[in-house]
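Chain nomenclature is as follows: A, B, C, D and E, assigned in order of appearance, with residue numbering initiated at 1 for each chain independently.
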Amino acid sequence: MEKYFDASYIWESIPLLIPFLKMTFMVAGLSVLFGTFLGFILTAAKIGKSKFARKVANGYTTILRCTPSIVLLFLVYYGLPAIGDRVGLNLNNIHTAVFVIITFTLQFAAAMSEVMRSAFQSIDKGQFEAAVSVGLSNSQAYRRIVFPQAFVVALPNFGNSLLAVLQEGSLAYTIGLIDVVGKANLIIAGNYNAHALEIFLALAIIYWILSIAIEQFFLKLEKVFSKGKQGLKTA
Amino acid sequence: MLEIRDIHKSFGKTEILKGVDVTIDKGDVVVILGPSGSGKTTLLRCINFLEKADQGRAIFGDIDVNLKTASKKQIHQIRQKIAFVFQNNNLFNNKTALENVTEGLIIGRKIPTAEAVEIGKKALDKVGLSDKYNAYPSELSGGQQQRVGIARAVALNPDIILFDEPTSALDPELVGEVLTVMKNIAKEGTTMLVVTHEMGFAKDVANKVIFMDGGVVVEEGAPHEIFVNPKEERTQKFLKRVLPEDFTYHI
Amino acid sequence: MLEIRDIHKSFGKTEILKGVDVTIDKGDVVVILGPSGSGKTTLLRCINFLEKADQGRAIFGDIDVNLKTASKKQIHQIRQKIAFVFQNNNLFNNKTALENVTEGLIIGRKIPTAEAVEIGKKALDKVGLSDKYNAYPSELSGGQQQRVGIARAVALNPDIILFDEPTSALDPELVGEVLTVMKNIAKEGTTMLVVTHEMGFAKDVANKVIFMDGGVVVEEGAPHEIFVNPKEERTQKFLKRVLPEDFTYHI
Amino acid sequence: ADGNDSDIQKVKIAYDQASKPMSWLDEKGNATGYDVEVMKLVDELLPQYEFEYVGTTSDDLLVGVEQGKYQVGVKNAFWTQERTEKFIFPKEFIGLSSAGLVLKKENEHIKSLSDFASAGFSLAPIAANNAQYTVIDEYNKENPGNKVQLKAGDAFTVDVVQWVNEGRVDGGVIIEGPFEKQVTAEDGPYHNLADEVVYNEFAVIKTWPLFNKKEQEFADAYDQAVKQLKEEKKTSELSTSFYGRDLFEVLDAVER
Amino acid sequence: MSEGLNYKFLVDTFFIALSGVPIALFITIVALLFALPLGFLLALTRINRIPVLHRFAQVYVSFVRGTPIIIQIFIVYSSVPLLLSSLFTKFNIGMNVYDVNPIWYAFIVFTFNTTAVLIEVFRSALSTVNKGQLEAAQSVGLTNVQAYRRIIIPQALVVAMPNICTATVNLIKATSLGYAMSLQEITLKAKVAANVGYNYVEAYIDIFLVYLLLCSAVEFAFKLYEKRLSKYKPSVV
């Protein structure tokens, strides 16, 4: 074991890896941003009156849920330009990151639409009724009473999905986008594939710290926003 | 002041309201009694457009609306005149007691915040919650919550307040405090339409009792008429069941 | 038959039960009254070991256990003799009415299924639910649910049944049906310890009323003594508050 | 390229960014490696083209070149029949690769794939899109009676030298260059294993740049440039500097 | 792509990819088999705050959820054999660690991973079951174990079902990373087939289709089962 394992590789690689978190964050951040927006539209379709829109939104969710991210990434990365080709658009010069962001936006939106739908539906209908009964318009009632409460319910799941995107973003390396996982791969390649375990441990440490930080952040956020909500105790 | 005419409402294939008329004059306290499922809640909700009736008219001073086809504007107009106190109070969980009361004033009525806060505080004072302005619903007892719900309705200074079993979700001991608040409001001349099982309240405060069953008004009249001398067999049976045998028990 | 001696119980730093003694003889129907928070529920739960008391003894015929240090076996032994009817009935949601009743017999007592089913059906018949054997709790009305809860307790043929406000979660109309069932069971000679706010029940059925406040027994005696002539000021005040002003109202 | 008129054509050269020393993205973020450096020299000789180097994985490189995302890909690619259907192989190869087996010292006597196969040894998994996989696969097809146990796997989880030394597998296919830098070199990460594992070459193989099917013209231009570089011994210099050995010396013995 | 899709290859490879389904399912089932009870027990330790175990479960969940699964695969795949073999040498166990089929590593990784997910699923599901249910069971004379088995678990399971379904679907998808351990599953099979003629695009379409079919079938099965389990609930969505 000692022959192969050299902990110094862990500590030396961490500072090399950290700058590449920027790319990880950029991809995750934009995907979350756009994904939330698209997810919102899907949610609206799911709880709206149009049966057709609901079917489409549900179908979309099922398909995306059932597709491994790497497969989706390849379908987007090669599929979009191929489609573009047909209609005479050259999409080959678009930056790789765009395809990655599109992929994770599509995926995040599917997850988000479920998170938001269930959060929305967990808010008692009486809250809305009480709001309109004191003279608020429908949109005021949603904006001021229903959404703020649904937001708190959605927060923990939102946090989970965010962690998932951060991790899945690592697949972007397969199409040449270098984020923190990509950098780890390059370091390993730079060592001629030696000491990969140590580099991956370094990566695991970074991810772990990151996810704990995000978890804590979301707990805080939840606390701040859940004023007035009964502190639920777990059994 | 408010006249409801021939209101019909079905859920799916079952007709819940089969043509109900209600007339309420200014200052009236009308109590609606009736067995579970008779359509009392549905009636109240239709009046406030929380459910859309299938047929019926509401005449409210110079406003005369069709309950089925009312426009958004009409609905808004009517809702401005009517306040609703829910069985389980439905306080806004994300707002303090005071914010609960002022929300409708500031956002719905566009009253300046300072003024709204003053109105809100007065309303809370009236229901004995001067020390709970900043408490969230989860920090209040059931009785206190229901009192905030009443204050929220009162603060809107509506022409009429609808109460849907405002005490039935409360512990027996808390019922008293809410009933007392309601009595005080009634004494001030507020027009009220109250669904309740509290016979004491009906007797003491109401000037009219309506007994509903199976989606129609079976009998209506002054409380002593209904309680002491119900004409309809259904009313007699119901009262017998609701009033405990020992309602007359002396202490 | 059951004697509870000097029971103490604290939650955190607040002492909820400060030395309570209760004696129940065979066939007794004992009603416990008291304001909210006085420790009534806690007392019942300690007797059934749903909470562990900090101190106290339970003497049950020839069993004499320390409520704090009782062994698993002793707890099991006591629970076999005591049945509990919860305020919100706590029926097993995933079992039918009949399964709810037989669960304790078949699994807890190892009674053969056929026999248990027979006992269960009889118990359900007794509370007037012969037609609801296979209904799930969600398919039953509140009053029916509570009756299943009582049948579940009765079927165990316990030495004593503890009731914790069995009617307070019910609609006023449903209260009657449950009280009637309880009265019938009492008439059959079942020993009962009942926490309730139903004064009528206390007066008609109980042969002993205990008034608790602040974690101690303030006063106890026959119902007419307590209701008509309460000695302690606290008792008087409480009764005044709980009994509606118009408790004496004649119909 | 240093041309200055507007006819300059921009081309994208994809390279496998993680296969040092053939091609890789160095710590400073620059593309380098034998294949890349040759392409840089080619660029200098072709004023009408301007090269842009795009680092990626070999999965992406293959699909990307085929699709036209990239005009050329270099990844120490071997020639295979199937590949000629998807890519243009120019006339001139780009370099040479010594492919061999990594073995434990005690198995030094295994000199060829057939020795390896008859010994019944296990082989480290090879990524399915790696031409090494095809080479072994072809050997197996030609020698159905004496097959090497071939398993597809993923490059980045397989550290061949370590696996062999651990005993996880009996042998692995490796290119000489990486082995040199890993084990033989004084500062190699596995220099401590220098006495425990050996590298036995079983073939020197030509490596090729892969051109997109539409890039015949570009491929022809490349041919001319490379031919000149070979004549000038520039490729031999690069071979020595990246692989520690001028593989062009054994060119005559190369079969594929 | 320039020449359009190779439809023959598309069809042939579809069946090749399909032949990877059994192994993907096998791993999924084994992982679930271990992870379900393990996750449940660890969830109990968290709910009841059992001193050491509850901390352990917490750290465990945070690590597994916090790091990409491919890294976990790598760590297990490269370090477990090393640790084992040094243990074996130490205790003179004459067994070759490397004869072990990589599927065992897949079992380990995916069981670990799924357990962490299920701990959280069960924790939230159990907290939705009213405490009164346990008390009522105790009061009719059931032991704790009996109460859990007959009353609590059946109810918690219904609540947990949708999330278990999600976890299962994610698990199936994650087995596609098994290629890193040379597992002959769907993705690897399709990619090896693609390698022959470099038909990667077609292969990815096939992989997509196979997962889509497999996962929607699993989803459907779960929905059916959920319906059956929740027969006591007033309305099934």
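One rule holds for everything that comes next: a contact is a pair of C-beta atoms (placed from the backbone, for glycine too) under 8 Å apart; a residue touches a chain by one contact, two chains touch by 3 or more.
A quick map from chain label to UniProt name: A, E = L-cystine transport system permease protein; B, C = L-cystine transport system ATP-binding protein.
If you're wondering where the values come from, they're calculated on a predicted model, not measured in any experiment.
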| item | value |
| --- | --- |
| Shared interface partners, meaning chains that touch chain A and chain D | E |
| Touch-network distance, chain C to chain E, counted in steps | 1 |
| Chain of greatest Cα-centre distance to chain A | C |
| Pair of chains joined by the greatest number of C-beta pairs in contact | A-E |
| Label of the chain whose CA centroid is most distant from the centroid of chain E | B |
| Interchain centroid distance [CA atoms averaged], chain A/chain B, Å | 47 |
| Mean-CA-position distance for chain E and chain D (Å) | 38 |
| Chain B and chain D, separation of their C-alpha mean positions in angstrom | 83 |
| Residues of chain D engaged with two or more neighbouring chains | 59, 63, 67-68, 156-157, 159, 166 |
| Per-residue multi-chain contacts in chain E, two or more chains | 1, 74, 78, 82, 200-201 |
| Interchain contacts, given as pairs of chains that touch | A-B, A-D, A-E, B-C, C-E, D-E |
| Chain D - residues contacting chain E, complex | 59, 62-63, 66-68, 82-83, 85-86, 122, 125, 128-129, 133-134, 151-154, 156-157, 159, 166-169, 213-214 |
| Interface residues, chain A side, partner chain E - complex | 1, 4-5, 62-63, 65-72, 74-75, 78-79, 82, 85, 160, 163, 167-168, 170, 181, 196-197, 200-201, 203-204, 207-208, 210-212, 215, 232, 234-235 |
| In the complex with chain A, residue positions of chain E that touch it | 1, 46-47, 62-63, 65-72, 74-75, 78-79, 82-83, 86, 123-124, 126-127, 129, 131, 166, 169, 173-174, 176, 187, 200-201, 204-205, 207-208, 211-212, 214-216, 219 |
| Chain E contact footprint on chain C (complex, rising order) | 48-50, 76, 79-80, 82-84, 86, 88, 90-96, 103-104, 107-109, 136-139, 152, 156 |
| Residue ranges of chain D touching chain A (in the complex, touch as defined) | 14, 17-20, 24-27, 54-57, 59-60, 63, 67-69, 155-162, 165-166, 178, 181-182, 188-190, 192-193 |
